[in-house]
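Each chain carries a letter (A, B, C and D) given by its place in the written order, and its residues are counted from 1.
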Amino acid sequence: MDYVVEMLNIRKEFPGIVANDNITLQVKKGEIHALLGENGAGKSTLMNVLFGLYQPEKGEIRVNEEPVKITDPNVANDLGIGMVHQHFMLVEPFTVTQNIILGSEPTKFGKINLKEAEKKVQELSDRYGLRVDAKAKISDISVGMQQRVEILKTLYRGAEVLIFDEPTAVLTPQEITELMEIMHSLTAEGKSIILITHKLKEIMEISERCTVIRKGKGIDTLNVADTNVTELASLMVGRNVSFKTDKTPAEPKETVLKIQNLKVRDKRKVDMVKGMDLEVRAGEIVGVAGVDGNGQSELVEAITGLQKSESGTIQFNHKDITNLSPRKVTESGVGHIPQDRHKYGLVLDFTIGENMVLQTYYQKPYSKYKTLNYKEIYQKAEGLIDEYDVRTPSVYTKARALSGGNQQKAIIGREIDRSPDLLIAAQPTRGLDVGAIEFIHHRLIEERDKGKAVLLISFELDEILDLSDRIAVMFDGKNVAEVKPEETDENELGLLMAGSTKEKAGDQQ
Amino acid sequence: MGFVDLLQSIIPPALFFSAPLIFTALGGVFSERSGVINIGLEGLMVMGAFVGIVFNLTFADVFGSWTPWVSIIAAAIVSAIFSLIHAVAAVSFRADQVVSGVAINFLALGLGVFLTKQWYDRGQTDMVSQQFFTRDFSLLGDIPIIGEIFFQGIYLTSYLAIVLAFVAWYVLYKTPFGLRLRSVGEHPMAADTNGINVYKMRYVAVILSGALGGLGGSVFALTIALNFSHATIVGQGFMSLAAVIFGKWHPLGAMGAALFFGFAQSLSVISGGVPVLEDVPQVFLLIAPYVLTILALAGFIGRAEAPRANGEPYIKGTR
Amino acid sequence: MNTNRLFNILVPLISVVTGLLAGAFIMLGFGYNPITGYIALWNGALGDVYYFGETIRQVTPYVLTGLAVAFAFRSGLLNIGAEGQVIVGWLAAVWIGTAVEAPMYIHLPLAIIVAALAGAFWGFIPGLLKASRGVHEVIITIMLNYTALYSANAVVRSVLSDNEDKTPDVAATASLASEWFQNMTYFSRMHYGIFIALFAAVIMWFIIERTSLGYELKSVGFNEYASKYAGMSVKRNIILSMVIAGAFAGLAGAMEGLGTFGYMSVQSGFNNLGFDGIAVALLGANTAIGVVLAAFLFGALKVGALNMPTEAGVPTELVDVIIALIIFFVASSYIIRWVILRFKKEEK
Amino acid sequence: ACGGSDSEEDAGSDNGSDNESNESDEETPEFTSAMVTDVGGVDDKSFNQSAWEGLKAWGEEHGLEEGEGYDYAQSNNDSDYAPNLNRLVREDYNLVFGIGYKLEDAISEVAGQYSDTNFAIVDSVVEGDNIASITFADHEGSFLAGVAAANKTNTDKVGFVGGTNSDLINKFESGFVAGVHTVNPDIEVDVQYAGAFDAPDDGKLIASNMFNNDFDVIYHASGATGNGVFAQAKDIKNNDPDREVWVIGVDRDQYEEGQIGDHNVTLTSMVKRVDNSVQQVSNMAMDGEFPGGEVLEFGVEDEGVGLADTHEEAYTDDIAQAVDEWKQKIIDGEVEVPQTHEELDEYLDSL
């Protein structure tokens, strides 16, 4: 069989850690090859080696049977290897075309020939059905389109092998479907794809073969047709994992959060929440389903005081908390697991201990007469990292040094520990592996069972369906439908999220 | 004084005062657009002034009336080499760029005066004999009013500065080099994954800023001060830095800001003859450029966004 | 933890040594004897009690401007404006010192406090503009430096004096000058201000490391989004940080106005106390104790330099070059760390 | 270095005993003299340089060696004056000069501390039994500069560029304006202050404006700011060699600064013989006649101030003659040259 890309016995070390230990990955022409592993297993590292960003200590790379040395991304490009990074590599103030041609610009008398480039980009976009506006600025387009720009970038450079690092983590269900279609059309043209994802279902759905790595070591490569989700999961974590979250029916009590006719603008003064109504009661998890950009972020920011609302009211425990400061909101008993953990959730240069008191540092016992008591702070932190299984060398370690999953566990520990009456969890499991997801889901349900109200915002329909006791669908800044998870399915939700009315969505069923 | 007379006595001096600032500010634009903060512009100007004067004194006999031109080229080259220190610190050694820039300022002045003492045995050099001279532009100068204001008694270097600003704009916004340079300052990792050598781009940008700072310093020395001492360049580099930011990191903006500073400075000196300004205490006119800049920043262009990766060392393989 | 602390001590130390070595090579290169040169430097800085006194006199404002830069740095702000804050502090101190009549226990503290307030106000402006309008503090502080310089000159000339180049001397009741120190150090100008400087360092340490305010300031410096999320007022902290930094620099001005000089004169340019403060803060790793030590080093270098031309024929500017090089090395600590790690590895 | 504890006593005695034993094979000079510069430095082509030249000449006159019999200490900063004075006192110099009015406070303080050492301050008056104050009749010299300017101008417009608007520079201004108007009251005099002594850019701007408005002679008393005045004059001269623009230099003969190709824009310079004064006072002190507590004013009479006649072509015999005439009148006391704005007003009224 012909392999387009072979990575043989690759070893890559970082100071104090072997990220890739003797891993072998062989990709056939025209296949979608999944790469599976826990957080920190070494997937991104392996791909960065293939893309020329890192140099391996040991091992051989072959492209089309020829041994090659990929010393930098230019070489990778020349070899027909393109990468769509987990975190987009796009220059925001530039246009789509400028981003795509960056580094290999067509010129006329030394001047960039933007006209021709735009034409070429548009053609390419049309050919693969990518629906990208060549002249738009990156900062003005949606996440989904940004990703398609990334794909275009690789195609523009004539990539034959495309690497996708967690491409679906940031996408809506509709966008995911579209992406899969795009992937199929790419393989149909003879291109090969390496796909990194934590979503086993996606692997089952789209890929032909799958290589599993664990803690830097290659475990196995399987034909997807011959395996199942359970096997993949246990290979990946090294133990059995349960998927369905066990939970008892909810026993909702009094209303904790009541939002009426809320209107919020975003930072660019565009109306994002346009008359939202929502109720969350004690002892239930309300999931907000919706496509990214329909006002979810602004809704959460308005509740938590990070963004002023234009009109409408937010009542919490029968008190009006509209437009209170974040501190007042927090003090009145709202916990918030923010969507962007690096930006909002943590001060990465503080120690884990310091991060654990981010909202409470000024209160007793952590502070007295405005003077901090570090002994109390670190004692508290010790307790939390134990309880929430945060894997860190110590509480004195900088938060920056932790993996994404462990950072998230730290945040969740901190928020739940304050035992808020309302816990807002925005994308709580984004980019995490199944082990971590399982842990976090359990914790959220536990909170509910303690009689707390939980507001869950997620783009993952699985998560919404799994956890919620009630689902609110958010579309165009409004709560367009409320459904019970047991009375609906992904299909109907997807339609509702795309703006169909409930009746129509029901009809199509 | 009539209005035209007034303009004629304000604008040509404003132009000669602005020219060194424009050169240097363009250097700042290149450097900061690539993501390297350059507080060291002052030092680069000092180095330029020093080299320009020393070269001029040494080779005046060789190059005759071409000496000032050759001198500013020499100054540009030496300052470019000197700026390598900042490049190495900021790009390769991941130094705090602001601090490294401050060090550049100390170093240039220290070295300049130290070497002056070594070579001339005293704290300042002689005056140069081959300085820049103003000239009237024969055709353009004959245009009524405009010709008088803009084309009589003007330094060629002032026009060079303005032309260079347009060249810089073209290079930054119309050429692959410019696109790459800006991408490195906004999102170096994206540039890296596109096969652009981030380090090389930043080195080039800093060296360019050295060359342009050297030009600015030497033009200042060879039009205004005519010798070198510890007090030759006092704050012009910081003014240029202000022009960079005031001009929103855009070459033409920086030029506009530098011209504005020159205009304000010129006005503050000429005020004696201006009816309204005659009675204003001089101190208000002296601080006017600075206060106006503050007000302008506070009022109108507060939203100016620096290149996103400005000041951040790029470390391959992290985000 | 341990290696980190080791680095924090080793990096400045190595930087200083390398800087001095480089200075020695420069002296060699220009035909001076580096040993004679450094002995002259040493003698001029610490050679006897007089020079020691002068060194301490120079260290005093350095500690305070160092703190002014370091404090702002800890909350993510770059205070290039210490220069101007020193000037307004100096002016305010001399103003109170010359215009007010009061017994010493009122007059002196008043002059010092007003100087701190003046500096604080000069820090408040960029703080406010940064917080409310997002204007970069570096450019505002640079502009304010010049505004302070020219305005102070005008005030000295036309308000505090009768069109002269300097103000009258401050009243004895507002003077920091210490006969005791002077007698001890053979008439150096060492004054009581050193106690104020050291006390200020303790204050900075306490605020930054021990108070909830310090926690907030650091948090805002590291990540303003997370700070906002956590309920802190980002704007208030930015302003507060600049105000406190400005107050430190204003105190440095008081040291000059009430201690070293006892008056203020028209200044043709900056006295560099603020810019040197950047170097001090950096070498001191932006910590209070580090600032004190670094201020001592730079003070000794500056004062000792004056003795180099007389005793060894070396131009004083050599010391400026050395200081610049030290700053480079500290700033480039990454490379020093890298080298240390290499050595450590090879040992194993 | 000096011993710590007994240095105060050392300072007064002519040669400390430990010094003698250290340098046994060298003869310690009987009398030594040194100076502290202001921030200009000994090579400022002005004041400090002139003083140093005077001190060197004095040293050579008496066969002394630099660093032993005479020396200087350079100040980089206002805060350096006191330590520098102190250093020289502690190195046992018998007479220490402070060059420039900026050192007045430092001198006054240090002189109070070391009463056995003699001090002299140039360009200022400081009280104290062990301090001699050396001043110059800047107004008299400037008056002569005004006479020269009034005789030279073709447009009847002359300018004055000052450094800082202070009493010291007002003295120059007053003398100059008085001189100009004495010759011809109809001549317009534009007075501008740059605000600093080291702002050549402002000097150039001011000069550019003055020359543009047909002022054809500019007298500057503004240190390095004057470099800008020269730069502008030379630029005009270069473009139009026939045009008459003149600069009058200050402190020392600035003929060199005016050279542009085959032309020279320096009409003359108001020269202050700081060198003579330093030499003279050193000799007085050496001879045991130190004028402690006195103010020595060096005026036109004793050639302490005067005009340079280097540029013969421009500084014509007619001008020289007119200047000499007025000089004699000053010496004879026929004119009392004003030193302040008030005195100037009175003087002009009396014309």
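Here is the rule we go by: contacts are C-beta pairs under 8 Å (C-beta built on N, C-alpha and C of every residue); 3 or more make two chains touch, one makes a residue touch a chain.
Just so it is clear, the model here is predicted, and its values are computed rather than measured.
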item: Distance-maximising chain from chain C - centres being C-alpha averages; value: A
item: Chains most often in contact, by C-beta pairs; value: B-C
item: CA centroid of chain A to CA centroid of chain C, Å; value: 47
item: Interchain centroid distance [CA atoms averaged], chain A/chain D, Å; value: 76
item: Centre distance in Å when chain C and chain D are each reduced to the mean of their C-alpha atoms; value: 35
item: Centroid distance [mean C-alpha coordinates] between chain C and chain B, Å; value: 28
item: Interface hub residues of chain C, defined as touching at least two other chains; value: 150, 153, 268-269
item: Two or more partner chains touched - positions in chain D; value: 74, 195, 198
item: Residue list for chain B, restricted to those that touch at least two other chains; value: 231, 234, 282, 286
item: Pairs of chains in contact (touch as defined earlier), listed by label; value: A-B, A-C, B-C, B-D, C-D
item: Residue ranges of chain A in contact with chain C within the complex; value: 304, 306, 325-331, 336, 338, 343-350, 354, 358-359, 361-362, 367, 370-372, 396
item: Residues of chain D defined as touching chain C within the complex; value: 1-4, 7-8, 67, 71, 73-74, 76-80, 82-84, 86-87, 90-91, 101-102, 105, 109-110, 113-114, 164-168, 170, 195-198
item: Sites on chain C touched by chain A in the complex; value: 1, 210-216, 218-219, 222-223, 225-233
item: Chain B-facing residues of chain C, complex; value: 30, 78, 80, 125, 129, 133-136, 138-140, 142-147, 150-151, 153-154, 268-269, 275, 278-279, 282, 315, 317-321, 323-325, 327-328, 330-335
item: List of chain B residues in touch with chain D within their complex; value: 8-9, 12-13, 16-17, 120-124, 126-127, 129, 131, 133-136, 153, 220, 223-227, 229, 231-232, 234, 265-266, 269-270, 272-273, 282, 286
